[in-house]
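Both of the next two complexes hold chain A, though its partner changes from chain B to chain C.
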Partner chain A sequence: MPNVYLRRTNRRRWLAFVTACALLVAGQLWLHLDSRQAFTGVWAGLAWLWDNFMPDQAAWHDLPTIAYQLWRTVVIAIAATSTAAIVAVGLGLAGATTTGRVRWLRGGVRLFASVMRNFPFVAWALILLFSFKQNDFTGFLALFLMTIGYLTRAFIETLEEVGGGAIEALEATGARYWPIVIQGVLPAAIGGLLSWVLYMIENNIRDATLVGMLTGTGIGFTFDLYFKSFRYPSAGLVVVALIITTIVIELLATHLRQVLTH
Partner chain B sequence: MTQAPQPPVRPLRPAQRATRGLLLTLAVISIYAGLTMQTDHLDWGVAVTSFWHNLQLMIAHPHLGQDTWPALWQAFTNTIALALLTTLLGAVIAFFLALATARPFAPRLLALAMRSLMAVIRAIPTILWVLVYATVIGLGNEAAVVGLTFHSVAYLTKAFAEAMETVPPAKLAALRATGCGFWLTVRHALWPEVRASLLSWTFIRFEINFTNAVAVGAAAGTGGIGYNLFMASAFNFDFQEVGLIVYLLLAFAIGLELIAIRMRRHLAH
Partner chain C sequence: MLTITGLNKTYPNHKRGLKDVTLTFTPGVTAIIGPSGAGKTTLLRSINRLITPESGTVVLGDQEIRTANAKALRRVRRQIGMIFQDYNLIEELAAIDNVLHGCLGAKSWLAGILGRYTAAEQERALRLLSEVGLADFATQRCADLSGGQKQRVGIARALMQEPQVILCDEPIASLDPASTQAVMTLLTDLAKRGLMIIVNLHQVDIARDYADHIVGVNHGQIVFDGPTSALDEVALAKIYHKEAVVTDA
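Here is the complex of A and B:
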């Protein structure tokens, strides 16, 4: 007996498979990709990296500069994320359905968060560089503006998880808005909020290299300088330092998140 | 004189202690950053007014500049194709690598090696991969594809492996007990369980890769709309065109976000 259900799911499966393959081929054709060159390039690139980026004697002399720039970058990424978090808590309280009391403000906050989240950060970096010139503050501002949309959206969801029940219970005791928020909602949500902050710090330290390249600040600029003046061993040392920093921060953040949410 | 009995001081829970410690650390670091921030050649009044002026130009008066519509459109579709191709390639490769990383399938040593390797690749920013490949293969789409794929594979392998580890081991054991081989187990026990979550991770990566494709074009000059954005802003100082490109990118990204919300709702049911 032919199984109609099986035949239909089979057809859908094939359709999905064929669509995926078609998209792959279409993408390749669209970009005029030379697949063989790209494929052999993968190994050539790794070999090149190994040959040229190995830190040598001269590179170790740059270590103090690299370490200092990396430290500045990490500090500024943390400061930008923390500052953005303070603003995002305010926006999150106004935007969450449980704590936001003004309807149009809730919608406005959500729209603002969505636009900021999707605003291309390359554009932020470039227009900030034009006005604020090449200094630490430009990098700080770029990371701050990039973070605010993400955190607002994440905070709205975290704050809503606290639930209306707890708020209603506190209201029944006669508590007013701010005491409810400060002593009821925020303490219940703080673990979740801080987990998001940690996640964004991790992310921002990864992105700081790119932002630094575009705005001419921090470790991104240091790398760009070495790379463009063909001092590859020093650039390699920057990469090694970046790998270590990122992995340490990732492990630290993962550990802290586990402690916070238990 | 007798003292009123004091309520016993409750010791803090580990989570509370961690919360206080973290808040304090973040505050101290932020204040330190604020105090030591270098603001050379910065005239606050001029900077803020010029920033505000440019923002107004961008938002209120988007306009075509040096580029023509067809050129801009070509660059835009190039960026989308780049994001699509690297995400799909990354997802396919990551699926097989995740099988070698997830605990129920891989031997412990192999899993550990894979995990470490992926962590290292992820720690290197996408832009560095692209710059390196632009030097070796030459500026162009190939460099961008290879560079973006590298990072996507490392990211998705981690996400996929974590998704695979949520499959109840009893399910896999049951199929193995009936004599199913490795691929049959994967196909009939693993795949139906993880399909939805792999799909949503792939979609998240598509959004990330779209942003990255723009950034890579701007910072490495490998083409796509990012390059136009960079030229309009850093070379021609034409903020009206920057505004136009930003609107184009925003429209696409918000469209993706709406699709993602729908997809999540669909998968949840």
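Here is the complex of A and C:
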């Protein structure tokens, strides 16, 4: 019996492998792709990138401008995330089954979070561009509106995970709603909530670059400017600076998360 | 005295939690025993209205609890401490903070929000931690305590309310034998001071060793209510064997 089972499993694996290979070949024939050319083309493309985007002496002169624009981007991302977090705590409390006291409001908050979360921030940026024109506030608002959806959803789940027992225990002492929330629910959930905020700050610094390209602000706009004026080494320096910044922010966030949750 | 009369509870899935339960509790340890799903927790939570029964009365002193308005309910809950199987502590906070939460119900709205506790309350919280043998752990995060220690913090929190009654929902279910003995001894000591201790238990031998009075529940009905000495094999068969359950039509 085990032999039959093993033979059957082996046959299925081979069948899956052969099917995948057949699909790959069929796809390439359909699209007239040459795998060999694509493989060698990637290396040629990377070599071109290395030659053109490698920061040169002139690019280093742009470093103060890049650093300043990067700083502005980081500040916008942190400001948008923190402001959204404050609003999302209120919405999370109203939307969580453990803390939300009004059923229709709970449903409304969840619907709002879903709509905001599923509306791409690029679309927000383009829409807001018409109303608020090209400035930092437009970028801030696009990130804020997208973050509020994500954080509200995440906060609802965090509050529902940790809130139940704490609320029940404090309700049993005869405590009122807000003392229970402030003294019981939030201290129990604070590690999880801050963890989500740090994650969104990391994400928003990356997204702020793209928003900046669209709204004409921050490091995104600087990259766009260098790229379109064929100053590739300076654009390359922007990419290097962005990678370093996001890695540093990630490391800081990981450290902070460990401090807050242990 | 705590009196329950004609209490009924049916869950939304049509399962009867309690069927016409009538009981009287006096100071001392009362153990509620019965099989899983018999209605022990429903009975206990109906007392402080963490679950609201459909009919019947629960009276502590001269206050009816089942129909009390929000303000009266909060007032009467201050007199009823509760200990949970899963401790229900704020694990991120220190033991002393959790104990101080016991008097949150007695504080004004603003003082409650700000977490302002008087020096006397802080001293009492420390004294209670010392009474349950945790004086050295007052500033330690509850997440770092053992199960037995957490349950003793839970007891100190309940005592912080200066209650007349302490409800214990399977307080030793997750504890090792040594911690079980420590917690049960603590509860019997409290009963000797004149408190009503009502404790849900799964272990009949523990109920026999520590309780003064035993209530047997099966299918939401009271099938035994008497002193511990009266709990014989016939009574146990009635509590734990389905065929022994008396059903009303």
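Keep this in mind: the second predicted complex is superposed on the first by the 220 of 262 C-alpha atoms of A that agree within 3 Å, B and C clash if a C-alpha of one lies under 4 Å from a C-alpha of the other, contacts with A are read in each partner's own complex, and residues count from 1 in each chain.
The definition used in the following text is that contacts are C-beta pairs under 8 Å (C-beta built on N, C-alpha and C of every residue); 3 or more make two chains touch, one makes a residue touch a chain.
Bear in mind the structure is a predicted one, so any value in this text is a computation, not a measurement.
Enquirer: Once chain A from each complex is brought into register, does chain C clash with chain B or fit beside it?
Expert: Verdict on chain A: chain B and chain C fit.
Enquirer: Determine, under the contact definition given at the top, whether A:Ser82 touches first (chain B), second (chain C), both, or neither.
Expert: first
Enquirer: Once chain A of both complexes is superposed, is A:Gly41 in touch with chain B (first), chain C (second), both, or neither?
Expert: It touches chain B, and chain C stays clear.
Enquirer: Give one of first, second, both or neither to describe whether A:Leu128 is in contact with chain B, with chain C, with both, or with none.
Expert: first
Enquirer: Tell me which partner A:Leu105 touches in the superposition: chain B (first), chain C (second), both or neither.
Expert: neither
Enquirer: Residues of chain A touched by chain B versus by chain C: which partner has the larger set?
Expert: Between chain B and chain C, B touches the greater number of residues in chain A.
Enquirer: According to the stated criteria, A:Leu170 is in contact with first (chain B), second (chain C), both, or neither; which is it?
Expert: In the superposition, A:Leu170 contacts chain C only.
Enquirer: Using the touch definition from the top, say if A:Gln183 reaches chain B (first), chain C (second), both or neither.
Expert: After superposing on A, A:Gln183 lies in contact with chain C but is clear of chain B.
Enquirer: Would you sort A:Gly191 into first (chain B), second (chain C), both or neither based on which partner it touches?
Expert: It touches chain B and chain C both.
Enquirer: Rounded to the nearest Å, state the minimum C-alpha distance from chain B to chain C in the superposed three-chain model.
Expert: It comes out at 6 Å between the closest C-alpha atoms.
Enquirer: Per the definitions at the top, what is the overlap between the chain A residues touching chain B and those touching chain C?
Expert: In chain A, residues 190-191 are touched by chain B and also by chain C.
Enquirer: Using the touch rule from the top, collect the residues of chain C that touch chain A in their complex.
Expert: 48, 50, 73-78, 80-82, 84, 86-93, 101-107, 109, 112-113, 115, 157, 161
Enquirer: Can you list the residues on chain B that touch chain A in the complex?
Expert: 14-15, 18-19, 22-23, 26-27, 29-30, 32-34, 36-42, 47-48, 50-51, 54-55, 58, 77-78, 81-82, 84-85, 88-89, 119-120, 122-128, 131-133, 135-137, 141-143, 145-146, 211, 214-215, 218-219, 226, 229-230, 233-234, 237, 239, 242, 245-246, 249-250, 253-254, 257
Enquirer: For the complex, give me every residue of chain A touching chain B.
Expert: By the definition above, chain A touches chain B via 20, 23-24, 26-28, 30-34, 37-38, 41-42, 44-45, 48-49, 75-76, 78-79, 82-83, 114-115, 117-123, 126-137, 140, 190-191, 194, 197-198, 206-207, 209-210, 213-214, 223, 227, 239, 242-243, 246-247, 250, 256, 259-262.
Enquirer: In their shared complex, at which residues does chain A touch chain C?
Expert: Contacts found on chain A: 165-166, 168-176, 178-180, 182-184, 187-188, 190-191.
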